[in-house]
Structures are given as C-alpha cells and as structure tokens.
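Right after this note come the structures.
The following pair of complexes shares a single chain, chain A, combined with chain B in the former and chain C in the latter.
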Partner chain A sequence: MRWWLRILVLLLLGFIAMPAIVACIVAFDARSILNFPPQAWSTRWFERALSYPDFRDGAWNSLLVMLSASVIATLLGAGAALTLEKLEFRGKRTLEALVMAPLVVPHFVVGLGFLTLFAQSGLPRGLPLLVLCHVVLVLPFVVRSVWISLKSLDGRLEDAALSLGAPPGRVLRQVTLPLLLPGLAGGWLFAAILSFTEFSASLFVSTQRTQTLPVAMYNYVREYADPSIAALSAIWIVTTMLLILAADRWLGLSRVLGTEVPGGR
Partner chain B sequence: MAGENSTALGHGAPGLLRGLALPAWLCGLAFAAALLAIFQYALRAHVPGELEPGGFTFQNFVAQAHPLYIGVFWDTLLLCAGTAILSLLAGYPLAWAILRTRSRLARSFILAIVITPLFLGEIVRTYGWIVVLGNSGFLNAALAWFGLGRAEMLFTTGGVLAALVHVTLPIVVIMLAAGLAHIEPELERAAQSLGATPARGFFTVTLPLSLPGILAAGTTAFAWTFSAFATPQLVGGGKVNMISNLVYQLGFASFNFPFAAALAVSGLALTAVTLAALSLLTRRVEQRL
Partner chain C sequence: MAVEALRLDGVTRRFGAVTALHGASLVVAPGEFVTLLGPSGCGKTTLLNLVAGFQTPDEGEIFLGGESVTRVPVWKRDIGMVFQSYALFPHMSVAENVAYGLRARGIGKAEAMDRVAEALRMVRLSGLEDRRPRQLSGGQQQRAALARALVIRPRILLLDEPFSALDRALRGGLQVEVREIQRAAGVATLFVTHDQHEALAMSDRIAVMCGGRIHQAGTPEEVYAHPADRFVAGFVGDATVLRGRLRGLMGTTAGIEVGQAVLEADATPLRGLSQGAPVDAFLRPETLSPGGPALLSGEVRSVVFQGGHVDVHLDCAEAAGGRAMARLAPMLASGLAAGRVLELAGPSCCAAFPAEEPA
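After this line comes the complex of A and B, so read on.
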C-alpha cells in the first residue's frame, strides 16, 4: 500500500475509535463535570454507575428482554426459514415480506406503531410489549442467518434419512437441526446483541418501570453531565470487545458478519 | 459446499412445516397491525388534553405543508444524503485496505476496529461523541493545545454529521468490502501493464466495477441515517432536528399522537420513494456492467 493511503487509513481508524477511547478516559475523571483532559483520577463514577437504581433496574429489564426476545426470535426465525426454504405454498412471498420488512422500517416508526396499537387495544405497556417489539425487530436477522445455513446444507442427507424410512419429524430433529446449529447460534447471538443495544423503539414502548438500560442511560444524559455514563460506557465497551473476541474464536467473525450485511438498526 | 437442496422434507411433511411457520406469521401480522395502527392514527383528529383521538380527518397531512415541517423534512434528506456520501468516501479506503493488505494481523486489526462500534448501540456511541465534541471536550482540548482556540461543535449540523457518519461507517465498509472482493486485482494490474497509470487503472477499471457495491452501501447508509434518533437528539440538542426527533417531540411533549403518526407516515413515504429511486439506479448500473 502507498504511504498516503496508509496514513489515510490510520486517520480513519482514529476517527472510528476516538469516541470510545475518549469516553473510557473521561470515566476515570475525578471531577463531576465533563472537562477534557482529566486533572485527577478516580473510580467513583464506576461505583455510582453500578449502584444507581435506574441503571440496575434498566440492566435487569434489558437482560430479561434480551433473553426472551432472542430465544423467541431464534425459535420463530428457524421455523420460518425452514418453511420458506423447504416448502412451496400460497402466501410464501407475503410471509417473507412480513418477516423481513422491519429491516427497512425505522425503529422509531416500529416503536410508535406498537405504542399506538397497544393504546388502541387497551393492552398494558409492560415488559411483554418490549419483548414483542424486539422479537419483530431482530427476527429478520435470525431468519437470514438460518436461511443462509439451510442453503449451504446438503439436502441429500435429509433425503437419505427419509429414504431409509425415518419419519419427517425425526429427520428434522436428528439431521436438519444438528446441521443448522452454527447458523442458529450465530442468529441467536446477533439477535441478543441487537436487542440489548436497541434504543429508539424501546424509548417509545417502555415506561418508567420497564425502561431498558439504553433508555435509562439516555434519560440520565439528558439530566446530568457527570461521567457516570462514561463509566458505564467503558464497562459496556470492554464487555462488547470481549464478546466479539469470544464470538470470533467460537463462531468465526465472518459467520457472525454474514448475517448482518444488509442490516437495520 | 453448496449442497443440493431438496424439498423432499417439504413434500413429506407439509403440515409439520406449515405449523413451524405459524408463530412467525403471528409475529409478522402483529407488525402489520402496528403499522396499520399508525395509518389509522394519522387520519384521526387530535383532541387537546385527550389521549384518545377524535374523528376522521386529513388535517394532519394538510398541516405538514408548513415551512417548519418542510424544513425538517429537507434537513433530514440532506443529512441522510450527506451521511451516505461521506461514509462512502471514508469507507472506500478502509474496505480497500481490508482486502488488499497482505499482513493478516493488519487486516484483523482494521476489521476489529471497524466493526466494534456496530455492537455498541446508539447511546454509548452518541455519548462518546458528546465527550469528543463538547465545549470542554476532547477536540476543543486538542485545538487549545495546538493554540488554535475553540470551536462550537456540539449542537451543530457538522457535529451531527460526524456522529451520523460514525454510525453508518462500519456497515458501509463491510458492504463495500463484500463488493470489492468480487473484483480481481489482476484486472487492474492488466490495465497497468498496458501502460495505464495506477490512478487511471483505478478510475477506469476498479471504481466502475465496484459501482453496484457503492450504490448498495450508499442506500443502506441513507436508510440507516433516516432512522437515527438518539444521535441527532443528543448531538443536535434540539438545534438540528430530524423527522424522528419531531415525531418523538409531538408524541411525548405535546401528546399529539395523530400528528406524530402522520409525520411518521410521510417520512415512510419519503424514504420509500428515495429507496425505490436508488434501487432503480442500481439496476440500471448493473445492466450496463
């Protein structure tokens, strides 16, 4: 590579990494107002971030919603992908469009939609609403991930099992599903990350009681200027990097990335 | 191993497979119902002080022809287009570096830095930008250190644009790299061996061949930016507004949900038209290649 291209790439990488690095530095600032560079160091903002009730409740809600939404979406997405790949039926294109459409609809519109739907039907705005909203938002990614795995799966293995007399349900359980496991794991992981970081739609459908961690952080940034959020962000950034490293080891980064290329937020 | 796909399983057990798709149908229908709820709200009158909307009306769409709202629509389009163009310009060298770097370590390093922000979520990234752009933030400290004075960056269009580009850059790089991966480096080398300068080889061979990837990445960047909410809200601080911010304000500050719904519908229509035009352009370009 030419030298000027190298410098350009380094500058661009600096642009990408800058906010995360600066937030991590500010997290250790002893003062209670944002002022770069820090003059004295402290870990008190980590203590405050970890003990602040809204963040604790938010983290708990986020975990609950993430686990339910990602597991439900993986089950629904796997079923939809299997049917879309293996079966010709009327309404196939409708099902595909319904399942994939949330990719192109902005999250704030999805959030507003579920809010008005629940308001009109007189249903309560509890955690189930958040879970439903997140399932709808992450479903396209699971369907895509499983579908890609299905397309590269050797169909003759299923044919062999069928021709040897195994009933279809057993073939699905003992042949198809084990072969699909990497696709399912990749889809689940991606759904979990997307759900945990989702903000715009959650802001619309959550209440003070059901707010997720990103919503609680947003409300905090609007009210206070201290570096608690920087401390929380630092924890978040380090955890995410460890997760990415783990995903790379176990699943291969390209597989995880393969599911996300045409993405939506 | 691209397997031969059989639908024998489907022939053997259509009922089983149909049953497996049933929950996904329900989920899709819930989504459709949510969109319908927006359309239905958009055509109802706002009763001040009441959450329940009034009777049928077109007023919510007529009222959008106000310079205030047209201005926000226009700003949103400009921010989306600007973000798409800037992330393409910044993303192309990065995608190029990922594909053409010989060292595996350097490639993994670039890729890791590029994709990490993708998993951080809107809030953590936007907060990072507040710390970078703020009046006593990182960039102003750097400017002062170099003796260049201070600059107002938070709550400006430029600041919002930088943060928005930061959000779309990872996906643009990944999509551009996927497109560039299909182009043989030998083609460019062939052009150079026939006497073309490296620059000419790039502009007459590689760039035109990567045009479909560029358009796909640009389209995605445009659509992503349109749905941005926290970034313009926090970095723009009410001075730079996008449709998403207006919809939220109308809903949660004025409790005028019918008008918020109507704005969301117009926004959806606007993106649908733009995305359709972009996909038409992409198809044209692909036909010519």
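After this line comes the complex of A and C, so read on.
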C-alpha cells in the first residue's frame, strides 16, 4: 500500500474510534465535571453508574424491550419477506412500501405518532407501547435482511423438495427456513442493536417508570455533568465488544451478518 | 403394469400472449429414455415443468402410468427430478439428501437406510454418506442428485440439462454412466438438452422441439437420417444444403435434380410441389467424398483437423449460402489446403424440403 494511503486509513480509523476512546478515558477522571484530559484518576464513577437506580431500571427496561421487540420484529419481518417474495397479490407494492416506510420517517415522528394515539385513546403508556414502537422502527431492517437471503436462495432447492414428495409446509420447515437461518439471525441482531440504542422515539413514548437506558442517560446529563455517563459508555462499549467477539467466536459473525463469500471456506 | 409411463395429450401452455407449448403430444414407454432436444426457448423446459407439476397446462392432459395427473400437485406425482444445478440441500449430508424423499413418504428408518445405501452403491458414492454436497466434485454431486431422485422409485425420471454444468471432458463418461444406471433402474426417463451430441448418444428416442412444437419424435437414427422437416435436418447434425429442383414424385420417393445429378429423397415433405419447383437438398457432410462423378465442387477455404476426422469448408455456388462442408477421413484430406479446387462425389439419396427462398 502507498504510504499516504496507509496514513489516510489510519487517520480514518482514529477518527472513527476517537469519541469512544475519549469517553473511556474521561470515565476514569476523579473530578466531578466532564473534562479532558483528566488530571487525577478514580473508578468511583463506575460505582456510581452501576448503582444509580435510574440506570439500573433503564438498563432492565432496555433489555426487556430489546428482547421482545427484536423477536417480534424477526417473526413479523420473516413473514413479510416470505409473503413479498413468494406470493403475487394485489396491493403487494403498497405492503412493500408500508413495511419500508419507517426507513424514511424520522424516529421522533414515529414516537410522536404513537404518543398522540395512546394519549387520545387512553391506553396505558407502559412497556408494551415501547415494544410496539421499536417493532415498527426495526421491522424494515429485518425484512431487508431476510429478503436478501431469500433472493440468494436457489428456488430449485424448494422445487427439489416438492418433487421428492414433501408438501409445501414441510418444505418451508425443512428447507426454506433452515437455509434462511443466517438471514434471520442477521436481521435479529440488527433489530436488537437498533432497539437497544434507540433514543428519539423512546423519548416520546416512555414515561419516568418505563424509560430506557438511553433516555435515562439523557435525563441524567440534563441535571448532572459528572463522568458517570462516560463510565456507563465505557461499560457499554466493552460489553458490546465482548458480545460481538463471542458471536464471532461461536456463531461466526460473518455468517450471521451474511457477509460470508458464497462458495467460500 | 401400464403400457405407457408417460402420456401427453395435446398439452398447451401459455404465458400471457406467448404460447410456450402448442398442443404437444408424446408417449414414453416403461423403461424408455426419451430426450427433448431443441434450442433455448423451444418449450422443452416448459414441457418438463408441466410433467413435474411446477406448472399447469392451459389445455390438454398429462398421464403418468395411465393415471391423469394434470391437476395433481408436484409432491403427489411420484417423480424423480435431477436439476441443472443439482439442487442438493446444502445443509444436509449426502445420505440425508438421498433419504429426503423416503422421509417425506414416511418410510421407516431401517428400510430407508437400506435403500439409501443401495442407491449410493448404484451411483458409486458409497463411503461419502457423511459429506456435505459442497465437498463433492461436480460429477459426484450429479450422481448424488441422481441417487436422490431414483431412491424413491419414481414413476418417471426427469433430467433437466444435468450435464451442462460439467467440464466437457467429464461429460462423455457420465453420459454413459447415467444411461447405465437408468437402464439398471429400469425407470422411464425424460431428458432435456440443447446438445444434439448428448441426445444422439443417450436416447432411445428423441423429440426435436422448436417454437413450442414437437417437430419430430423418433429414434436417433431416424431423426438423423430421415429428418421430418428442415428445422430438424438443420438442428440435428451438420448439413451441407444444395439448391436443386424437383424432378418428380413417384410413390413415396421424390427425384431431386442437383446440377447434373439426380438424388432420391423422401416424398412426404414435398407433396403438393409442382415439377421444377425449387427444393433444398440436405446432405450429411460425412457422405461427401473426394472424386467423381462430382456432385459439387469449389475452392477450399479452410481445413479443420478434428482428430478422428477433418472438416473441409469450401466455397460452392450450388450450396445455399455459398458454403459447403465435407467431413473426410484424415487420410483422404492429407495434402488439402486452402485455395485448392476440390470435387466431391455425393450419396444417391438425401433429405429434401421446399426451398426457403427462390433459388
């Protein structure tokens, strides 16, 4: 590689990693005001971040919402992708547009819409509302992920199973779905990550009791400027990194994300 | 046992305004190997998909073993199909692939294992039971697909261009092997290809198709030596086409004047033509040989060595398109080079059809 290209790549990588690195360093600052670079070192902000009740509740809420929303969205998205790929029907284009719409509608609009709807109809604004909202937001990513796997699936495999005497339901269970597994797993992973980090729509539809971790963090920095937010960020980054490494080690991340080169190995 | 493994009665299939298959009728006898041969878009794949049940005919009836299956879905037809891409299930082992059709039929584990082992022995894949399809060579994949299709003892075996994904060098051997396996299994077979050599080498009978119609169905020898129309004559095997005139019809034989010579041809395609009408005489290039009396002559343009024979291309005024080709034994062609004038003697009979354009 040419030397200037090498430097360009290093600069780019540094630029991408810089915010995370700064946050991690600041987390160890002993002072109670966010500042860079730190003058004295301490781990007391980690203790605070882990014991602060809003963060603990928020993390629990985020985890619940993430798990429910990603599983529901994966099931719905897989169904939608299969329907769009396999069946010909009137209004197919409309359904396609509808499923993909959240990609162009800003998250805060979705949040505002749900908030208005629930407030008007008097329905309780609990965790189910957050789950519903997240499902709508992450659905397009699941549909796309599964749809792409479906498109790269050789339709002759299903034909072969039919010709061997398997009725369509059995073909779906034994051939189509097992071969779609990487796409489903990738879609689920996208959905989970997006749901866990979602902020602007959650800000609208959550209450003090149901606030997610990103919303709790936002509320915290409005009142305090100490590095416990940075400590939380550091924990977040390390946890995510460990999870991704684990996924790569045991599941094969490239397979889950569908980036494996076909025919490779 | 039914006398017919497969029968198609006037089967028509349309896609919107396009008719992919026009009233096709065909019979395959038990154990018979029948090939659908034609260029791409001729309707051969549509016909195969109709027999398999992936498509439904707009008109006509399809019978398997004497029973109408026109409205029966694919999975109840008892067919065995080998796909162009083989379509082996990538997430299953070779043995699981072969067992798939038996499992779908609810056959017990012990019997299924015996039958899978037997099928794999028949296609010489014993010992590779636990491999994944991607760990097999192209030829092995094809044999695994064949075992998977045969193990269910289908009423008919459907082969969709199964050799087209293989190296040319592999094909010859595999063609012989597939034919031997098919004969041993005694299963009626419908084979789709666009390769005339494959069709001639493998088939009991060939159905030559073009434009959604079956132009001729007959043994390879019949189709090659007595083509029913000019499409068949031009598509199966090579031909040198000479312009001639109809001298007269006598019973089933027609006399064709080509230059000074008179050739005999089958009269059927020429009925209704008046004496002196322009006709095209189709000659197989291997029936031409150097010497006299000269049927045609011309300047040699190129000499193409093919191993067992030599193709000599010449400019020839009598030939349609101005070009003729003779297929000679290498001994007879020695010393021939571009620029030499060559005289060729021909056979006493040929296939003749009404001329396409005025001579």
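Please note the rule applied: the second predicted complex is superposed on the first by the 229 of 265 C-alpha atoms of A that agree within 3 Å, B and C clash if a C-alpha of one lies under 4 Å from a C-alpha of the other, contacts with A are read in each partner's own complex, and residues count from 1 in each chain.
FYI, a contact is a pair of C-beta atoms (placed from the backbone, for glycine too) under 8 Å apart; a residue touches a chain by one contact, two chains touch by 3 or more.
None of these values were measured; they are calculated from a predicted model.
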Open item on the list: Just to be sure I read the superposition right, which of the two partners does A:G165 touch: chain B = first, chain C = second, or both, or neither?
Closed with: second
TODO: Quick one: classify A:F46 as touching chain B (first), chain C (second), both or neither.
DONE: neither
Open item on the list: A:V136 in the overlay: touching chain B, chain C, both, or neither? Say first, second, both or neither.
Closed with: first
Open item on the list: Touch test for A:G113: chain B only (first), chain C only (second), both, or neither?
Closed with: first
- [ ] Have a look at where A:I16 lands relative to chain B and chain C in the superposition and call it first, second, both or neither.
- [x] first
Open item on the list: Per the contact definition in the header, classify A:D154: touching chain B only (first), chain C only (second), both, or neither.
Closed with: both
Task: Residues of chain A touched, compared between chain B and chain C (which is higher) - done: B
- [ ] Report for A:M241: first if it touches chain B alone, second if chain C alone, otherwise both or neither.
- [x] first
TODO: Tell me which partner A:L8 touches in the superposition: chain B (first), chain C (second), both or neither.
DONE: first
Open item on the list: Give me the intersection of chain A's contacts with chain B and its contacts with chain C, in residue numbers.
Closed with: 154, 156, 159, 162, 168, 263, 265
- [ ] Using the touch rule from the top, collect the residues of chain A that touch chain C in their complex.
- [x] 154, 156-157, 159-168, 170, 175, 178-179, 263, 265
- [ ] Name, in rising order, each residue of chain C that touches chain A in their complex.
- [x] 52, 54, 73-81, 83-85, 87-91, 100-101, 104-105, 134, 148-149, 152, 158
Task: Residues on chain B engaged by chain A in the complex (per definition of touch) - done: 1-10, 12-14, 16-18, 20-25, 27-35, 37-38, 40-41, 51, 90, 93-94, 96-97, 100-101, 110-125, 127-132, 134, 136-138, 140-141, 166-167, 169-171, 174-175, 178, 220, 223-224, 226-230, 234, 244, 247-248, 251, 257, 260-261, 264, 267-268, 271, 275
Open item on the list: Quick check: in the complex, which residue numbers of chain A touch chain B?
Closed with: 1, 5, 8-9, 12-13, 15-20, 22-23, 26, 33-37, 75-80, 82-89, 95, 98-99, 101-102, 104-110, 112-117, 119-120, 132, 135-136, 139, 143, 150-156, 158-159, 162, 168-169, 171-172, 176, 193, 196-200, 203-204, 214, 217-218, 221-222, 229-230, 233, 236-237, 240-241, 243-244, 253, 257, 260-265
